[in-house]
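Same chain, two partners: subunit A is paired with subunit B first, then with subunit C.
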Partner chain A sequence: MKRAVIPHLIGLFPLGMMSFFFLAPLAFMVVVSFYERDPLGFYNVAFVWDNYAKFFSSFYYTVSLRSLWSASLGAVVVVLLAFPAMYIIVDMSRRWQLFWVILLLSLMCLSEVIIGFAWLILFSESSGIPKFLGWIGLWEDPDSLSPSFGAMLTGFVTLGFSLVALMFFPQMAQRDRSIEEAALTLGTPPARVFSKVVLPNFLPAIISSVVTMFVYFLGVFVMPTMLGRPQDWNMTVIITDKAVGDANMPLGAALSVIMLAFTLIIICGLLLGSRRGRVQT
Partner chain B sequence: MKLRKSNIVAAGFLTVSGLAVAAEEITVSAWGGFFEETLKAEIYPAFTDETGITVRSIAQPADQAWMTQLTNAARAKTAPSDLSLVADEVFLRGQSIGLWAKLDGSEIPNTATLLDGFTKIDDDDTLRAVGALSWYTTLVTNSEAIPDAPETWADLWTRDWDGKLGLTSNANSGLMEATALTFFGGYEVMETREGLEQVIAKIAELKPKVQLWYRDEGQFQQNLEAGELTGGLYYHDVTMLSAANGLPVVSTFPKEGGILGDAYWIVPRDSENVEAAQKFINYMIRPDVQAQLARKLGVAPVAQRETMDLTDEEFSAVSSVDTPIRPQTHIHLREGDWLSDKYLEMISQ
Partner chain C sequence: MAQLALSNIQKSFGTFQALKDVNLEIASGEFICLLGGSGCGKTTLLRIIAGLETKTSGEMLLDDQDFSTVNCHQRNVGMVFQSLALFPHLNVGQNIAYGLEVRGVHKDKRQDRARKLLEVVGLSGLFDRPVSALSGGQRQRVAIARALAIEPKLFLMDEPFSALDAGLREHLQIEVKKLQRQLGVTTIFVTHDQHEAMSIADRIVILNEGRIEQAGTPTEVYAHPSTRFVADFMGTNNIFTSEFTPGQATMLDGANLGTPSGDMAKLSGKHTIAVRPEYLRLAPANEDTGDLIGTVNFVRLLGASIETELKVGERTFVHTQVSDRAPEFAVGDKAGISFDLDHAWVIPS
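The block that comes next holds the complex of A and B.
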């Protein structure tokens, strides 16, 4: 009996950490989301559904659909770009592999704000890509490319690219190449090997990285405000506006709880779907 | 009152200079950036020389975010600073929940030379805030892109801005008031929600012309100076300083008037340095210091015109004799949540 106590105690450690860093703030957020807003001050302790009711106005509804759209599009694009890039990199010589990995790691050190500013300058009419295109004669009357949805998405991709690429790296470098070689010697064209052998093997990794990026992009604040138009602002921006800007903590908390529920439902759906898909094949 | 013990160097200095008081320190917060930097470099040192009170200057964020911090701090019974520069709306919101300390009017005799309405006395006859400065928001343009400066607020709607206007993303910038005055004959239209919706719909007509709905002032200023934006709504004072530095920007008072906002000095409730803070306020509103503020910061003074030694030229550079457009703070307070939702909805759809 005594021996069984110690593993249980060890199990308490992650529970304690989770409660302290995640569950307690979350519980507080849920509690605040039911408080009553005091327009002149802060909030009054109460139990009201008003804050949740506000979400079901068309405006918040549109914004949340919009954030889901931009986050999922960003996630798919970044994985579509990073996966083939890594596929090529792991076949390079050791020295070049090291070069790319170091480059990707250093890209991760850049803060969101720095990346945002860099793109802001590159997209500007007076000093960036538009000016260059005008100079070489490809664009007659160059205009600033930001703020726009495309600029915001570019920011998303820059943020997520190194993360996704490095997530694929170990698995891809150590993959069993004998299956691909067998397919090639049996006369399968390389493009078909990629689509029929490599991709299915990496499907779980691809799905999990898409989900990770989706969640990451849902919470991005700087890129939409810096590079996006007001039409592109996501729920995170609106929550910040409400909670910090208008000091409306209860509404900010309620919107956060709703977004959290949305995210959980989508992740569960995707993971369940991918698991079922694997069982069938 | 808590006196901060001086360190050895300061004590030595004070002994030499023959002052009998112990060194006091107050923390003063003002809007971060150019404002706070200029106050710290140009205005506070003279106050320290005169009174021996050292000023620790800190930057405060935009009004609403600062209000949130002040409220949170008050809940924890602390004060983030001993003095703070706040806009009208923040002052009123803070007053309604008792965020500000009581001030003793007899300790601030220079209020006698202030313009009317700049001493804020609450229902209990207690002084809660004293005017600090006023600032104008006007129509600003890049003179290379727009050679003829605009004349009226209606120019926003009628002129060709090449789709490169910059406007603020919040409802209380004064644009609503300017729109009401220009197109609806006055502020009365803003008294009802239907009226406010009409004003917002009028502003929505500008959307195709607007490239940047800014929340960060620096971004607007940078883009205007670089010619990425052709014009927009911005602070008169900062624009005048940029123009003086040779940048191609112009600030114009439209014929309906510039938008005039007021800032007040308040002492957070839990500050322990109220007496030193009162000395500070008394210094900052003195006519000669008000004139200094006009010269160095380009803000409109709150002291009576005749008490200051500003020349006509200096005065007209920072202010205007025309009736200004006044933010309808009572409407923004009453309809705050509804209005900010409607406005956000308008710009983001």
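The block that comes next holds the complex of A and C.
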């Protein structure tokens, strides 16, 4: 009996610590979101709804929708690229599989800032892609490709690609390939096996990857500031700007609480939708 | 006329030759079992027939048409995989109707066909059930129904019952055999279990190291194995080399086995003979029991029969008898071993 209790107690410690260090700042943030801003200092203790009311101004509303759009698009694009890429990689020889896995792991080791700078150079007018396109004659008057929404999205994809690809790797490698062979023997043309059998089988994994990336991209800060235009900035950049730049901690906290609520609602909706979809099939 | 004809089929994986000059003709409606140990090439041969592997050389004709150039998805073969390979994202009905859907059959028609097949395999009422909610036996039946739904020219099964318990396996063997007879579909069944092959096949093809060792009816391969490998594989445990002299007694290690008759009487010199365990006779050792005296080494009950293993010098003999009475011999007992030479089979050298 004692033996069974000790591992539970050991397991409870990190769980308790994680809960405390997540829930305590969250509770603090919720409390601060109702405080008043002190223009000369940090904030004054109060209970006002003004910070939440400000969210419904067109500026914050637009930024929120933009954040959701860029995070959703980034999540879908990264999964659309990583899934077929991994499907091809797992069918390669062991040596090539190892090469790609090491490459993906190396990409994960790079910090967001380094990836951002790398793309800044590659997108710049004086060097990188525009210059190369101009040099080979495909672009008559080369111009810098950043900052732009496309550049920011490219940064998102670079950040998330290796993570999603490595999430798919074990499931893809261990999948029962005879399911695809069964589809072939039943008359499915080889080109349609992927869409008819592989994709539907991996739908739960695909949905959870999209959700994970969506949440990840909502909170990305460096890529929008480095590669995006001000009109591309997401709510994370605006919250940081308000909380740190304008020293308006209560407004920053209120915006964070709203974004958290939005994120939770969207995740629950997606997960419930995918579960209902699975039950129906 | 043979429906499927394989001539000189060879298959190599790099330097490894998986199939060596396989020649086989399968008649329409026949139930063939490809039997052999692991790595003998039986699954490779089945996959070549299905179009999942390409042969290195040889000819493959189906109804006198070259079959090897037809793509896998156009061959119209129904295959049951070892892992069953049911589509987890589809329910039972959708799994069975899948092949018809791919062929563009109208939804009502394919659902009707799927329901009829579910009835045939004894799963009526499970049309809408997810495959994850099925038992092992039910999953087997769904896989069989799915393969048969497309009305295949060839029905291929790759060790489909290997993961099932003995009772369910026997039950499904009988069901598959009945279903095959009812539908008349040409069937090729891969197994490593000689009992399974014996119980369902019209003809057994025994493979060893990529070559066909023997092809024949279950009775032929059981009673008259053409090679030592087949004799071993089919459970003929008593295989030994005897000295033949025309018209005289046959000798084994100095022991008299009796005077042969028929074709065996014409033999001379050393020949390998095989005797099935059920044809061996044991008697308590005394002066009348002959020259072949063995010591009981092991006795085990095999349900319907009792198996007794005896040692005569370095040689081992195996005897079986129906288990309607208690074992006559215990470990350490001496017993006289004899058999009728008419029941012995000379394995061609």
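What we mean here is this: the second predicted complex is superposed on the first by the 265 of 281 C-alpha atoms of A that agree within 3 Å, B and C clash if a C-alpha of one lies under 4 Å from a C-alpha of the other, contacts with A are read in each partner's own complex, and residues count from 1 in each chain.
Rule of thumb we're sticking to: a contact is a pair of C-beta atoms (placed from the backbone, for glycine too) under 8 Å apart; a residue touches a chain by one contact, two chains touch by 3 or more.
Being a predicted model, the structure only gives us computed values, none of them experimental.
*Asks:* For the overlay on subunit A, clash or fit between subunit B and subunit C?
*Replies:* Overlaying the two structures gives subunit B and subunit C room side by side.
*Asks:* I'd like to know which partner A:106 touches here: subunit B for first, subunit C for second, both or neither.
*Replies:* neither
*Asks:* If you count the residues of subunit A that each partner touches, which comes out higher, subunit B or subunit C?
*Replies:* Of subunit B and subunit C, more residues of subunit A lie in contact with B.
*Asks:* First (subunit B), second (subunit C), both or neither: which does A:225 touch?
*Replies:* In the superposition, A:225 contacts subunit B only.
*Asks:* Is A:176 in contact with subunit B, with subunit C, with both, or with neither (first, second, both, neither)?
*Replies:* Only subunit C; A:176 stays clear of subunit B.
*Asks:* Does the superposition put A:190 against subunit B (first), subunit C (second), both, or neither?
*Replies:* second
*Asks:* By the touch definition at the top of the document, which applies to A:147: first (subunit B), second (subunit C), both, or neither?
*Replies:* It touches subunit B, and subunit C stays clear.
*Asks:* Kindly classify A:42 by the partners it touches after superposition: subunit B alone (first), subunit C alone (second), both, or neither?
*Replies:* After superposition on chain A, A:42 lies in contact with subunit B alone.
*Asks:* Quick one: classify A:245 as touching subunit B (first), subunit C (second), both or neither.
*Replies:* first
*Asks:* By how many Å are the closest C-alpha atoms of subunit B and subunit C apart after the superposition?
*Replies:* 45 Å.
*Asks:* Once the complexes are superposed, what residues of subunit A are shared between the subunit B interface and the subunit C interface?
*Replies:* Overlap of subunit B and subunit C footprints on subunit A: empty.
*Asks:* Can you check the complex and tell me which residues of subunit A touch subunit C?
*Replies:* Spelled out, the residues of subunit A in touch with subunit C are 176, 178-179, 181-190, 196-197, 200-201, 203, 278, 281.
*Asks:* Residues of subunit A touching subunit B in their complex?
*Replies:* Its residues touching subunit B are 37-42, 57, 59, 62-63, 124-127, 144, 147, 225-226, 229-231, 233, 238, 241, 243-248, 251.
*Asks:* Could you pull out which subunit C residues touch subunit A in their complex?
*Replies:* Going by the criterion above, the answer is residues 50-52, 71-79, 81-83, 85-91, 94, 98-99, 102-103, 130, 146-147, 150, 156.
*Asks:* Across the complex, what residues on subunit B touch subunit A?
*Replies:* Answer in residue numbers: 62, 64-65, 67-68, 71-72, 75, 92-93, 96-97, 169-170, 211-213, 215-216, 219, 223, 226-228, 333, 336-337, 340-341, 344-345, 347-349.
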